[in-house]
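Dropping the structures in below, format is structure tokens.
Okay, so subunit A shows up in both of these, paired with subunit B first and subunit C after.
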Partner chain A sequence: MNGDKRSPAALIVGLILLIYGLVLKRHDAAIPPGYLLDVATYLKTTKEVVTQFSVAIWSGAIITFFGLWNLAMPSMNSKFDKMVRTPIAGVGTIIFLAFITRYYLEPIFKVWGKNAEPNLGFDFAATFGLNYILLGIVIGIIWVNTIGIPKWMQSGVKTARLAMKMGVISLGAMYSLTELRYMGSLSIVMVAVFVLGTVLFVLLLGRIMKTPRPLTGVLSAGLGVCGVSAAVAAAPVVKARGIDMAYSIGMLLLVGVVGLFTFPTIGRMVGMNELQFGAWAGTGILNSAQVAAAALIFDPKTIETLKVAEIFNITRILFLPVIVIVLAIWFAKGEEEAEVGKVNIGRVLVEKFPIFVIGFILMFAFSSTGIFTPKNYELHGKNFYNFAPEEKKEVRTRDLKKVQELIDSGNVTNPEVRAAVEKLIADRQVTTTAQTDLVLKASDFTDDKKLKDIFKDADKKVQATPPTIKMMREYMMWFFAFGLIGLGMQITWQTIRQAGGKAAVIGVIAGFTKAALSFLICWLFIKGTI
Partner chain B sequence: MAEEKAASTEQKEMEERALSVFASERKEDLTALIIAFALALLVIFTLK
Partner chain C sequence: MNMKLLVAHDGSEQSDKALDKAAGLALLSKGSIVVLSVVPDLCMMELSDNDCKQMYKIMTEESEKKLDATKDDLSKKGIEIETVVKFGNAAETIIKTCNDRNIDMIVIGSHGRHGAKKFLLGSVSSKVVDHSPCDVLVVK
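Now for the complex of A and B:
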């Protein structure tokens, strides 16, 4: 019976969340008690009270239940106990930290940033992207490097990677075929150039600096493809030893952490849009988890940057088999014996290929069948539409008058566009996807900015995200928030310190070159939005 | 001698930490896949 298995931590965390939820519930979830309302008003979080309530009540109840169970009956060695009961205290603590960071710390920094703007000349919270994702990672890093991870939290912290993977798989449901086609073709070109370029560059650096071949091999996979998991996949074919892996993991973590904190600030300073930044992060940042973190730090409100960054990240993971084969051939050529014959490349590829990437693709295929789209909703291009007649979707009368004037002027020469606009005037709202495309096209027949805005607005008014997608997006964000706090808790000074000597020099040179070149390409050549 | 021993222990620790990355990745991926799909189905059944 382990002491950690009888820890009251889960019960304490669960009860705090539960009591907080019940305090919110005391009057009405939407109108919290006076003192909480004052705080929420100060922090500008009154709109989030309902979400806070459901997160606190549900997570609090579940964690309390397992906390009580763990105290009454210590967990044993069954699979369920190992997967659920033992990690619950750590999981609960991370959920609690994510809750505090999302609903209290981020809003506090937002207010402070605004208040300090007149004196500092800039909003420090906005400039440095001090949102709940970044703050969560920083708290995780500070926690692990100061008080350390107590025994009762350890198995919970290890579930962070699992949560990140669940987040990536769920993200698969958020893409439309149009988006995937556009981002996919862009990412294949960029990723192919950077993955192969970095691998060859690192092999060359290794040769110049005379590093051991196994170390050069794992470094090239890690720096070229997707960080630690690529280094792990390449290890058997280049006969890497534990010490090579230790150097590589330390170095990848070091370069990745620097990228994680600098990319979003640079992206914001030069005014990158979500497509440019997502492409840059997905190409230039080394580790998969840090790509997601940087995208969410850059843009925590929508998931557009995350979607772009993950497509780039997944594309490069798909290059992993190619790189493993390239490295196997490179390693065999340098050895006196044909070592490649002794390694079953096929088996390595099958064993090490990340299944969660297949999960992401399956989830995309699953959502493409329309299974997440409820009745009355239609996916068109990258947006969902709901054409059911509603007053809030109607174009204002004075705006319709302006549209009528355009029709009367005879400037709309395309008969299809004209018919669509006339139907808009008659119905007061757009009613089909074909019509919405034609109404948007009507902007080409006028120079009046106001009219252009009216057509854009008519399209926007019928756009609606289905509740299924909203719910999936919400829990996916929690997976990422949870996973990234846990990720912070795994960034230890001890691991980074492992990146010594030549591995660190190669890592810094290759990592910086890749980041700088991909920045220039994304910033200068990627135009437009998603 | 003591320094050598310390260095060897440290190296062993580093190796163990590095090798732990190899373990259980596949199981973790499968678990993530199953939970993500189970949640997706739950969302479909409750909200669609």
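Now for the complex of A and C:
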């Protein structure tokens, strides 16, 4: 892009970020900058000022550096220029938008939601989940469909895909083995049923509605597996024409966008937990990036929903080669000249294997060796624990007395639980992962809400996230925030309006059925928590 | 005078008419024709570079195939003809091609595949008329 021109865009964006960071840094000075802090106090973002400062300074400095370089020397065709120097202006703009949504728009909606609650009867910001993830996507959509993406930003927007993948890869560090095993087995069952079910359902619909076979094939992959990318992957084996792809892609994008905006609100209204919603989003939403988006809109604070949803999404993507092969066989059967031999199954498996999944698995393997977890920290279930004796982890004497009374009453019949609780009384704090599980179980032996809270607190007091993981989580959220603004910028009316004809009918029927059925199954049958 | 004509072709009946008209003009003026098919750019974040390339390949081959017969036909009549397939927004791409290739006149159907008949001009053709620096012939 911008071939031989020396573009000042990156320099301007970089300087804006840098100046913002420096102004924040001087926030204790009396005049102009002081206002920023007043704003932050009003928006209740004062706690995040330090993060804002460091991200703004670092990204600003880097982007300004490349901005100067871009101005001094025109971008060439080298790989480095294409990957780094050309996109940098767009990257900076998206980072800037992420700032605005995360530290200004989301907080202001929060304040407005609270202010309007007495009149409306509900907090609209909380109900519709107007958090920075959603707002970022909406800004992206509005931007691309009104002013459009200027040339100097285009290659930057394309890096959103990479950012999302990086986000997913770093997410790999956040799982424990038990979690992965549990979610993995759940997802394989759910995904297998829904992928195969949807593919067969769409093939049947296609036969009933007499749509051309290539179109039916592309649609079934897209609706069954993982949206647009599956549709394109299946295109060659069913000999899809351009028009089939255009119809399917427009429709898959549309159904996905509708899901992305409705799922989180529905999930919140019926009170789904993280596991239920993550499983539902990972099964029912069509496109990969939209799954992550929905999970984060539902729950942007912790990453538990995202963790579940991504496992489902990855499982689904792994099914893609299987479906491509199934479709190849289905298509060949209907053709006069059988061309079954043409599909090279081995090649399909290799070509369609998503490389980022390897990164994800490697990251998981790395983190389970404990390199990100310093001494004293343990990952157990979904939480990190630190059992080193510390005064702030101790249960209050008054509460311990109450616990002692429970033990004395003889109501705790399970000897293991009893021993664990007695040890808690002796040590004043929990000291092992096995003990914390047993202490949590102790609340089954009492109806006293106060006691139940004491046990929960005893567990919470020893929970601690290692600083490295905290930092990784923060960076990961930036990857996702970045990627999802980029996602919004690629939801164009131009693409959606390609949807039409019978493809749209099949898409709406199958998409809705899949969403509704998976909702029922997740809501009614998934009872556990992570 | 050798006119260089740009025909915007989307496979619709109207665009076939535009091509006929252009052929007539080219014969008269001993000119040449560039037939441009603009295919919507459906490449997006969900798709890897390879996926996008695959999609472009399918769409390009298809558009070229569609025009092959016409191409032979016109070449036989002695008209120099070139077919081009591009991805992106139709109106913008047509205008850009006209600029890049020093076109004398754009020939375009009054409405294309998506053309709503209730409008006098399709959205693409009216945009081209509004924004093009070249002359535009709208075929009805």
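Just so it is clear, the second predicted complex is superposed on the first by the 486 of 530 C-alpha atoms of A that agree within 3 Å, B and C clash if a C-alpha of one lies under 4 Å from a C-alpha of the other, contacts with A are read in each partner's own complex, and residues count from 1 in each chain.
In the analysis below, a contact is a pair of C-beta atoms (placed from the backbone, for glycine too) under 8 Å apart; a residue touches a chain by one contact, two chains touch by 3 or more.
Note that the structure is a prediction, hence the values are computed from the model and not measured.
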Partner chain in contact with A:359 - subunit B first, subunit C second, else both or neither: first
Subunit B versus subunit C as contact partner of A:170, first or second or both or neither: first
Which superposed partner A:510 touches (first subunit B, second subunit C, both, neither): neither
Partner chain(s) touched by A:228 [first = subunit B, second = subunit C, both, neither]: both
Which superposed partner A:281 touches (first subunit B, second subunit C, both, neither): neither
Partner chain in contact with A:490 - subunit B first, subunit C second, else both or neither: second
First (subunit B), second (subunit C), both or neither touched by A:160: second
Touched partner set for A:246, first subunit B, second subunit C, both or neither: both
Contact breadth on subunit A, by residue count: subunit C or subunit B: B
Overlapping contact positions on subunit A, where the subunit C interface meets the subunit B interface: 161, 228-229, 232, 235, 241-242, 245-246, 249, 351, 495, 498
Subunit A residues within the subunit B interface of the complex: 83, 161-162, 165-166, 169-170, 173, 228-229, 232, 235, 241-243, 245-246, 248-249, 351-352, 354-356, 358-359, 362-363, 366, 371-372, 374, 466-468, 471-472, 475, 495, 498
Contact footprint of subunit A on subunit C as seen in their complex: 39-40, 42, 44-48, 50-51, 54-55, 58-59, 62-63, 89, 114
List of subunit B residues in touch with subunit A within their complex: 11, 14-19, 21-22, 25-26, 28-33, 35-37, 39-40, 43-44, 47-48
Subunit C contact footprint on subunit A (complex, rising order): 158, 160-161, 164, 227-229, 232-233, 235-236, 240-242, 245-246, 249-250, 253, 287-289, 351, 483, 486-487, 490, 494-495, 497-498
